[in-house]
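Order as written gives the chain letters A, B, C, D, E and F; numbering starts at 1 within each chain.
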Amino acid sequence: GVRSEIALASAQELINKTNEKCFAKCIAKPGTTLSSSEETCLSRCLERYLETFNIISKTYSARLSREREQRQLNQI
Amino acid sequence: GVRSEIALASAQELINKTNEKCFAKCIAKPGTTLSSSEETCLSRCLERYLETFNIISKTYSARLSREREQRQLNQI
Amino acid sequence: GVRSEIALASAQELINKTNEKCFAKCIAKPGTTLSSSEETCLSRCLERYLETFNIISKTYSARLSREREQRQLNQI
Amino acid sequence: MDNVKFDEATQKELATFLEREQAQARINSTVHNLTSMCWDKCVTGTPGSRFARGEESCLLNCVDRFMDTSLFIIKTIESQRPQQS
Amino acid sequence: MDNVKFDEATQKELATFLEREQAQARINSTVHNLTSMCWDKCVTGTPGSRFARGEESCLLNCVDRFMDTSLFIIKTIESQRPQQS
Amino acid sequence: MDNVKFDEATQKELATFLEREQAQARINSTVHNLTSMCWDKCVTGTPGSRFARGEESCLLNCVDRFMDTSLFIIKTIESQRPQQS
């Protein structure tokens, strides 16, 4: 359905962004393999990026709700 | 009409870009409110970004005109 | 045909990217003309960017082939 | 599929459904952009097993200050526009 | 709307109009991109009540040097291509 | 063109052709993005008449480590998902 396509596209976008940001942060100079310190950095980076996404989702939803309420108050 | 939709889209894009550039320049670490020094920075940043847009518009139009003339001269 | 349109779009994209990257790297502060040292920088930058594109193309194709083989082995 | 005909009520319901889904897709896209921008601004060190304190408060305030910036810019532009009478 | 038929002259006029509007939209988009790029390159300090002198001259030259770079790259590529006879 | 009818075999051939071309267009676009990203990461000095040694090895490894990163992230996410039974 449309809904699950949107959710899938959003999950895919989240993985792509995490990949891009964590490669930039953790792999300073690409070598012949991923070193174990690079893998440690990547798994922490992944956790922090998902946490960031959750914080931003919540604060953005809260802001949208506050603005909607504000508009309704202004119409009274 | 098509024309005013294009103008509107362009104005919207200008506001979005100003927002992005001036947030990056003036809000180093987001705090619990916009401070007055951040607001001063934002209003100057807004003026300078619009001025930049006008300079670039003018110099780009002038360049396009010069190149058009050049092509016409080359065809003689 | 479709094929030559795709090749053309890709060549156009390569020129645009080279332009963007080499302007960023070689023209620190735009002056009233391109200086000769800026032109030297630009022609080396162009060579290196095209070389980079060739390296990335080759290593990406090789990776895709390896992954395809891997998947076929896994299906046996 | 192309030959199926819906009655008017179903068409309206479908339109509402699609509109709501498009709004959701726009919100998702905004959240991804805000996440990327706030990450670059607030998370500047090597990732640890939790955020540094300054990073977390920066993230918590990032969306609201970005939207305040947007409102500030729009208000400033509107206050400078010559009034129509 | 879908069933309206235009005569040939009107259709041609419409096509010309739409082409011109699309060209305008492309120019607008280029100007936004150039503005963003030249801002990042030239306006490096905290925004003041006017540009610093170096910033303004940098902005005034930015578009022309960017387009010179583009011409230089295209010319270099064409000069290296094996000639067809 | 709009009124031409193709038989089923030709339609299938056309579909295969178009699919392959779209796959090629996607690959091209990925290569352009990887080139841009690896250039920014690996080529940090002023361009010389050949790459510095560190730059070239960085470029040679860039694609594989980027794709390893992608696999590592997907594997980590999947290992943490509650198992369905």
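FYI, contacts are C-beta pairs under 8 Å (C-beta built on N, C-alpha and C of every residue); 3 or more make two chains touch, one makes a residue touch a chain.
The chain lineup, named per UniProt: D, E, F = Mitochondrial import inner membrane translocase subunit.
Given the structure is predicted, the values throughout are model-derived calculations rather than measurements.
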item	value
Intersection of the contact lists for chain B and chain C	E
For chain E, the least number of touch steps when starting out from chain C	1
Higher-contact pair (C-beta pairs counted), A-D versus A-F	A-D
Centre-of-Cα separation between chain F and chain D, whole angstrom	28
Chain centre separation (chain A, chain E; CA means) in Å	33
Centre-to-centre distance between chain E and chain B (centres being mean Cα positions), rounded to whole Å	13
Per-residue overlap in chain D, given as positions that touch at least 2 other chains	38, 42, 62, 64
Where chain B touches two or more other chains, by residue	22, 26
Pairwise touch network: line, ring, star, complete, or other	ring
Chains listed in ring sequence, where chain C comes first and chain E follows it	C, E, B, D, A, F
Residues of chain A that touch chain F when the two form their complex	15, 18-20, 22-24, 26-27, 29-34, 39, 42-43, 46
In the complex, chain E residues that touch chain C	37-38, 41-42, 54, 58, 61-62, 64-66, 68-70, 72-74, 76-77
Interface residues, chain E side, partner chain B - complex	17-18, 21, 24-25, 27-32, 34-36, 38-39, 42-43, 46-49, 51, 56, 59-60, 62-64, 67
Complex contact set, residues of chain C against chain F	2-3, 6, 9-10, 13-14, 17, 21-22, 25-26, 41, 44-45, 47-49, 51-53, 55-57, 59-60, 63-64
